[in-house]
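For reference, the structure I am asking about is given below.
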Amino acid sequence: MNFEQTDFYTQAILSMAALVGLTSFLMLGQGRLLRLIFVFALQGLLLTLTTTLAAYSLDNPHLYISAVLTLVLKVLFVPWMLRREVLLMNMHRDVQALANKTTVMLGGASLMVFSYYVLHPIVQTTSPVMLNALAVSLSVVLLGMLLMISHRQAVAHVVGFMSIENGLFFAAIVATKGMPMVVELGIAFDVLVAAVLFGIFFLHIRTSIDSLDVDLLNRLHETDDAKPDASAIATGVEL
Amino acid sequence: MIAAYLVLLIPLLGIVLFAVAGHKTDMGKTNVWLNAVCLLATLWLAINVLNQGTLLSANKAFLVDAFNVYLIVLTAFVGLTTSIFSAPYMAHEQALGKLSAKRLKLYYTMYQGFMLAMYLVLTTNNMGIMWVAMEGATLATVLLVSLYRTPESIEAAWKYFILCGVGIAQALFGTILLYYAAVQIGDGENAMLWSVLYENAAQLNPEILEIAFVFLLIGYGTKIGLVPLHNWLPDAHSEGPTPMSAVLSGLLLNDALYAVVRNKMLVDGASHNNMAGYLMMGFGLLSFLVGALFLHRQKDIKRLFSYSSIEHMGMMTFAFGMGGAMATFAALLHMTVHSLTKSAIFVTVGHAAQMAGTQRIDKIRGLIKTQPRVGWGLLIGTLAIAGFPPFGVFTSEFLVLLATMHNYPWLAPLVLLGIGIAFAGLFRHIQPMVYGEKPEGQQPVKANLWPVIIHLGLVLWLGLAIPGFLAQWFSQATLLISGSTPL
Amino acid sequence: MNWLIAIFQTALFVALAPLLAGWLKCCKCYLQNRKAPSIFQPYRDLRKLAHKQPVVSEQASWLFVTAPYLIFSATVLAASVVPLIAVDLPTSASADVIVMVGFFAFARFFLALAGLDVGTAFGGMGSSREMTISSLAEPAMLMAVFTLTMTASTTNLSEAIAHVLGEGLVLRPSFVFALFALLLVAVAETGRVPVDNPATHLELTMIHEAMILEYSGRHLALIEWASQLKLMLYGVLIANIFLPWGIAESFSPAALGYGLLAIMGKLLVLAIVLALAETLVAKMRLFRVQEYLSFAYLLGLLGMLSHIILEAAR
């Protein structure tokens, strides 16, 4: 099947897939938190557009609700919350040096190849378009994980976490034309609760270790007791 | 079916009650009552299932069959006994000044929230809802792990949240793939229902399903605590309040395994190369051995038993993966006895830690001399969990071993070795804690040990003779999962 | 006849280039709340420079004097390859996009040599910076252009444009990436903000201006004109490849006139976008230019990959 012969919807979906993949790469290479959050919001916006497009061309009204949910949650609420957190902690001027950016980027590229490899058996039974869409969403998921591994700030972890959700959402929209409404509502609810919990966590981490650098979360070791007596801390640092 | 709705409604009511009017009531007692009523409802549900066979609600949203109904009852039972233990325990913690009244309210609200999520995972027929409920269970327990607000507990909760969140995202991807395979053969609305998928499993695309299962196993496997995805588990268990460790070990891990087994049934229906089984066996055996080895290196009593949970979950995953009637039967039995024993152990561990004022193994000494009931409880519980006859764990482990010898004889030495290592690992720590000299200033605490006695009694009973109705029940579930009966 | 039109088109290119520069300046002035000069100001500047006597340093060799002519003619030749108002012209049929890039490289080579020739510090500095940037920009540009040529299965610009025209509106992920890559490269190659600032002679930041600091009179006029031509050339390249609609496919006067109007409209809009970008973006440090260009390269590469992976026929 030639690309020119596919319908406009497919072309648009593929373009969106490519752009969503690109935003994931952009996030991966981003050292500044505010820009990271901005790119994340951009990815959410692309997702909203994709959903709207799917709702329109598949004539599936409940996808409009998903689109609105995405817009509110992933484009407005979560980025707003994270941005506020970054400004509050005065972290927006820190340029976080990525330890080995080249390696991380190369790792990202190989993850993309890996997701194509994993999903390749699917191509026998379905159109290559679906393979692409699924592979891109899987790689968005994996890139989100890589983002969490390579960045040290808690805020970046949240962005990675949420971008994993984005990848899953993209797969749900593109490959299966949206899941049943109850499930989508449930997932949206979970994301909302997760976002709120992250907010609470930021507060706790900030008040307990006075930083949002997760490298400082290293008290729990597997071996050798670097860990002081639990009860001493419980009484000493009780907030 | 009304019973099933009731089972879901009671915890929901509990959430609302505690959230709105928690401070006005004696929350510990209310929690016990709610769980007791819930247990009654589940028993009613169980009788219904026993009489009428598989129940499917009118809109096909809920499914209760022989497999999940016994887990529902187990959940309600462990939920009840843990709540009995948790009332004085949390009161004691509050008296020590570790918790404020507001936190306590949060604790009880989330306790009910967790129970609701567990019941929803078990009863739902919709694979998507199952995922949502599983994630909901994470979200409900995350704030409980960090209840004490110490830097350690916050770190543990953060790890728990991030690792489980990322892990469970893989399960969602698997679910999406499953749905994708399903919409290709049928209608969209019902394509996520397990009962529909199970009926049409043979038509589903095996390639897609196999890929989906890998993601589902990784995703839910994070929750089960399979090595190498287990890192969150010891931290969350050791830093959260002890009743939480009891329900996490006793219930959450089981339900995650339940989700995996449900999915395995679908994959087995579609493809016939037993890929899902081999994967589960591999991960299970690895977790079993690694968990057993790590037992030796622990310094914290709760971490010790959380590694023991990893070890036992590994064994169950291995047994389910092996398939076949005997292994499945053994896995189901093991699920039950492990839940009962492990929650009993966490109850005694909680009391022991309160007595010693620390969770460090080398600081807890002479339990029998300080408060004999707690000491003996811990000793007997550990004997039971290590697989000593005549307890139920021995029966199930023996069955697993038998099934292994029968199906994969060359794996049997590994299983035997693992059991031995775990036994040694537990006892080298437990022995000095239970006997040993009583340190200065160690005082007995107010403890309610009825949960421990009941649990261990049941485990003993299951080890001596499995009652007829229960055996029949297990056989039905085994028939459902593996396609043949052991008896 | 066809050759006549080709020559006419090239002449038009050369004639219109200062106009585009003037319009761009106007847009920028409006955006920055300044009073804009006439859009014909570049013509006046060129005329003024052409009438002045060039001052050539005593140390300068023959290279310094010949370079402006070589640069200008190479750029004009490059311009003749790019279809402006019509496709299927004999000039564009005889040379393809690689030749065009070659002409650019040729012009740049002589510009850098001329900058070094006089031996001032600024000239050498400018040349070295120019070569650094171009060594990074050229692969990115080629990568982007190859994405297009792979889709059309030809490196000939005229045929590629005709292919895109014949296909109608197809939304290609690879084109989106290539477009962004080419825009970034164009900004770097024509010495605009944020890579270089054409409006200042601030010693530490200038690149292009540093090389031509020693030039005056008609030599300067030629070099200025060549760089205006280069700007327009990139504009036309982007406009006509990604949005070729309107370009003349036959040689009737009506079609040609329509084509002229179309390209002028497209350039008008493109210049506004460029002016907007230049106003909004701050110039970046020289050492960050490589990041910028490697991003452009990444985009080009992604375009190529998405062409191979997403769009290839199966």
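A, B and C label the chains in the order they appear, each numbered from 1.
Here, contacts are C-beta pairs under 8 Å (C-beta built on N, C-alpha and C of every residue); 3 or more make two chains touch, one makes a residue touch a chain.
Keep in mind that what you see is a predicted model, and the values were worked out from it rather than measured.
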Relative to chain B, largest Cα-centroid distance belongs to chain C
Measuring from the mean of all protein Cα atoms shown, which chain centre lies nearest? A
Top contact pair of chains, counted by C-beta pairs? A-B
Round to the nearest whole Å and give the separation of the Cα centres of chain A and chain B. 29
Taking each chain's centre as the mean of its CA atoms, how far is chain B from chain C in angstrom? 67
Once you find the CA centre of chain A and the CA centre of chain C, what distance in Å lies between them? 38
Multi-chain touching residues of chain A, meaning two or more other chains, are none
Complex contacts: residues of chain C adjacent to chain A: 167, 170-174, 176-177, 298-299, 302, 306, 309-314
Given the complex with chain B, which residues does chain A contribute to the contact? 118-119, 121-122, 124-126, 130, 134, 137-138, 141, 144-145, 148, 154, 157, 161, 164-165, 167-168, 171-172, 175-177, 179-180, 182-183, 186-187, 189-190, 193-194, 197, 200-201, 204-205, 208-209, 214, 217-220, 222-223, 225, 227, 229-231, 233-235, 237-239
So in the complex, the part of chain B that touches chain A is made up of which residues? 97-98, 126, 128-129, 131-133, 135-136, 139, 142-143, 146, 148-152, 154-159, 161-162, 165-166, 169-170, 172-173, 176-177, 179-180, 183-184, 188-189, 192, 205, 207-208, 210-211, 234-235, 238-239, 294, 297, 299-300, 357-360, 363
Which positions of chain A touch chain C when the two form their complex? 1-4, 8, 11-12, 14-15, 17-19, 21-22, 25, 116, 128, 132
